[in-house]
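First the structure, which I've put down as structure tokens, then a few questions once you've had a look.
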């Protein structure tokens, strides 16, 4: 019957200003910063190449993460191989940075089978389209791992729009009650397709939702790659140590349209986009590295080259039409096809003969 | 006036907004953007944000708040962005929207329209091509409409919005850009229409499968079959009269839809037609449907979707020998 | 691109201690306090009588609000007649205090039609069973009223368990984004059937969820009737003035089992219940009124008498078996029955002849 | 061993927990309380909170986290407290549980059981008596099982939990306290069972309607009808063989269920039986079902639920003259 409120409340609130590293005079880390930069360059190229391939009809649709590469790269690099990543449809880049074959990562967006890879191989859940529905999966998986005694943390990605869904709420609540080793990274890129954040939420910040579940909320500059990496690593370490979940809001911006099929000019002005271009995550990190003399010409050239190789691999891999076997329509509905499915498969085979 | 189905729907919404101040549109991206299919294009500009509202991204919230608005006497028209994204709102639909009038013995009618783009054939990725009509048909308390023509797109949507009951209004995605004549007067909901008379057998379809059946009927002429095509237009209530009159005349019928066959809409249609026309039938009512599988990847969808070929194969199985 | 966090955040957090009036030395209000007490006495009697009627088979089931009468009574009294109340299955008492016929209010729980009254008459939404699903209705109705320019506020009641549902989240978010004139009152009675709050939420308090939507969260002693009334009135006035929604958490306790069918001994001990009996809302207010000489014997006797009259009305009204017309099964499914329903109605009529 | 259906289910869960450490139960009030129907009674005490977990009150969260647990290799068994309270989890069920294996081409199987008490006849208030099986049948990727006997309650639930596919396991509420013999070996899921042979006509039922049909068959003897009763046991996959063998023998059939008739399970059953047995049928397959209305108030439910009387009236309509 003690009705006084838990004193931890204050500690769970986000800092008043988003966490930043770049431009704060912080000492650069020669281990991680150049690597982050190299991946950002690759990531940007991946985005531009994939977008270009939609124009050539080699990809059906591509939700670009241009402008959000710092979040994508940091998310992938913060994880251990034994951890699990739960991406949304916009997070192909994070899966590629984690090591997924760049062509396989695009299967879904190419019109091929929904998940072009074995999720268990690199511990990457299927790219998830129904918003926020992947969040309870991440919680359940993390909880299961903990029950098994495995040292596994799950990192789940979601957009600002996705935080409005009931599944977001239920997932965070389960995570907190179960103290599951899971970290939620909201990439707040300002829009859900055309809908700006102001129509999505009236909260001081999305990170302020955390205290309502009893977990810490962190706010970070999502275009500051070392900052995102740092905050993620802290949260993952906390989860690993049994400290439970964290909600992180990364403030970033989607420089491209929602997908190649979207016309962003309908809902936002050039000035807004230009202002965010000035805070390009590549430039922010590149400039700082250069200022510290940590970005040799050789390194930059190698990064560019690698990026071009990635783009070339994409072009090559997506050059032909994938060949899908219609018989596969029936192969994986169940562990073993039912009599009904067997007869439907047979009927299709007849038609195709 | 010639327009697309999307254009006709847009016009229906505009006219409804203009005529009745109680009409309010709610949905994701329906305001500034005009909807991902542009069905609400220009409406926020013309009628303001409060009549055509970009909501937060939460389908149960959209349908739940719309329910509250209808309880206050408004006539909300909700857009679900895609078929599969209506599922989060399922509890609100089944447990409240469908039951409010009944639960309150008529005191709280629920004049609410839920627009859902549905079906495949547009190369959509996972969760963007479901045919979910069986769920709505199996929920007592909902009307279910689905147009196959530009004229019905306008006419049925106007009727749906004017209805004092909740209507699930299913819009066949792949017909959004199909063109046709907009005529303000169409037969009332609840009535099927014979789109093409035919003496040999009757094809029964709705929404995206009507053009497939018309094409099949056209192709059938070469094979000596004169196929009629009934467009149901409304799945609930079902027009037994029109459908059975045709089937009794021809003695043979095939139901065609994209949804999975097992426990799909065709099951009910075949069962009720059989109950009513048993002694007229030369063969069991055929069903040409999507397979009993989750919607396939776009590159395989053509195998899954009924086409004229599969319709004709089913017609051929209607025991013509005897 | 201003990324600094809204400074209002602090104002949205609940006070560290639940708001209390009784026992704080506050001056009693002779207008409201005796009226609150009178209603508490009626309310308690309503609860005990309804529970007794379940034992006699006159009611199928009754979820009692014994122990929560302060919340029930305050909720009803805080509203203007033009406002709307959105009750859950446990809130029959609130509807009765608002003026609903006490027998009609129990229709649902008697096995009769789901809503035994016209919701529009007294502006009381149907008693809602699926948890938290009434919350978006309240938001939508309040929003509609505001759009129409009507001075109407909606008050929605929900339990601690209900706050875990996705609909709770979506409703609060819509309310805040739309600044809808709606107030959410969580009656935190410590349990969702058998599940204690600790398994439901890890938050410092449920009121801490408010900041995550950008609305104020208030914490109140739910057994202190004047405190609940005061906090509700403030929140309703704020909503009425265009200030938007408020989330209020009232800390209270369900002294009875979940329903008459539940066996609370399976999940909680007598000591816990006894401790809460010591904080009985009737006793708390009654004692204070007596201390101030505001509870004359005459008044007490009249209150008891009224309560007995209510109980007698219940017994009388629920004495017989309600007679339902089977034809009504088909009458209100739609505005006009479909041909199918007409024929089903006819077939049932034949069977019954 | 004689026990109740609730007891048999409890035993099945206990044995599954004991045999396979991957089995975990999740649900509302399933721990300390043992479930509102006591199906999990004693399991938390015996296996601990982590094997039998009282979750927060959020059905999508329950099914969604269970999905994640299954992705990690566990075998979650979820309890939804009542039929209508499974609707909030509908998106997780349809868009994920049913599709995970298919979406990943077999890489991520989803061995998960969703237990749902369903159906009426217990005097439950609104939302506590839905027969929602049509929704699950219409969702490719789910197995749907429902026992009508104590032995099947045990046997089918064990099979469901052992299955590498998701199973919606529907428990007929009003049979929870029905007694019977617990036998560990029952026919496999996917197989229907002839509960009573009969020469005149075949009653097809499942779950709560099986006892109704057995009673009807008993009563029919007086009227000179020898009715067989097939218990489907599994709605997906459907046992065409057993059902059609019977119907071909008798030439007459009636499907019985509590769910609304329109687009209900009986539609599929009638349609597929007709497709396969058309020339054997003396009359169209009859359907005796709940009306097409939201579930009625308890005091009227007896009119809504199929009883022996209505079953026999349907049998009488099977055109015995010709």
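Just a few scattered comments:
Per-chain numbering from 1; labels A, B, C and D assigned in written order.
We take it that a contact is a pair of C-beta atoms (placed from the backbone, for glycine too) under 8 Å apart; a residue touches a chain by one contact, two chains touch by 3 or more.
A quick note: this is a predicted structure, and the numbers were derived from the prediction, not measured.
With chains reduced to the mean position of their C-alpha atoms, the one farthest from chain B is C.
One finds 40 Å separating the Cα centroids of chain B and chain C. Taking each chain's centre as the average of its CA atoms, chain A and chain B sit 36 Å apart. Counting partners per residue, chain D has 55-56, 58, 60-61, 84, 87-88, 91, 95, 99, 102-103, 126-127, 140-141, 236, 238, 262, 291-294 as the residues that reach two or more other chains. In chain C, the residues that reach two or more other chains under the touch definition are 113-114, 130, 164-167, 169-170, 173, 177, 199-201, 328, 333, 338, 340. Chain contact topology: the protein chains form a complete graph, every chain touching every other one. Residues 24, 50, 55-56, 58, 60-61, 63-74, 76, 88, 91-92, 95-96, 99-109, 140-141, 143, 163-165, 190, 236-238, 240 of chain D touch chain A in their complex. The part of chain B that touches chain A in the complex is made up of residues 28-29, 31-34, 36, 54-61, 84-85, 87-88, 123, 125-128, 262, 291-294, 296-300, 303-304, 309-310, 313. On the side of chain A, the complex with chain D involves touching residues 113-115, 118-120, 125-126, 130, 133, 135-145, 147-148, 154, 166-167, 169-171, 173-174, 177, 328, 331-335, 338-340. Residues of chain C that touch chain D in their complex: 60-61, 108-114, 129-131, 161-162, 164-167, 192-195, 199-201, 266-267, 321-322, 324, 326, 328-330, 333, 338, 340-341, 344, 348, 351-352. Residue ranges on chain B touching chain D, taken from their complex, read 60, 84, 87-88, 90-91, 94-95, 98-99, 102-103, 126-127, 134-135, 137-138, 140-141, 236, 238, 259-260, 262-268, 270-272, 274-275, 278, 281, 283-285, 287, 291-294.
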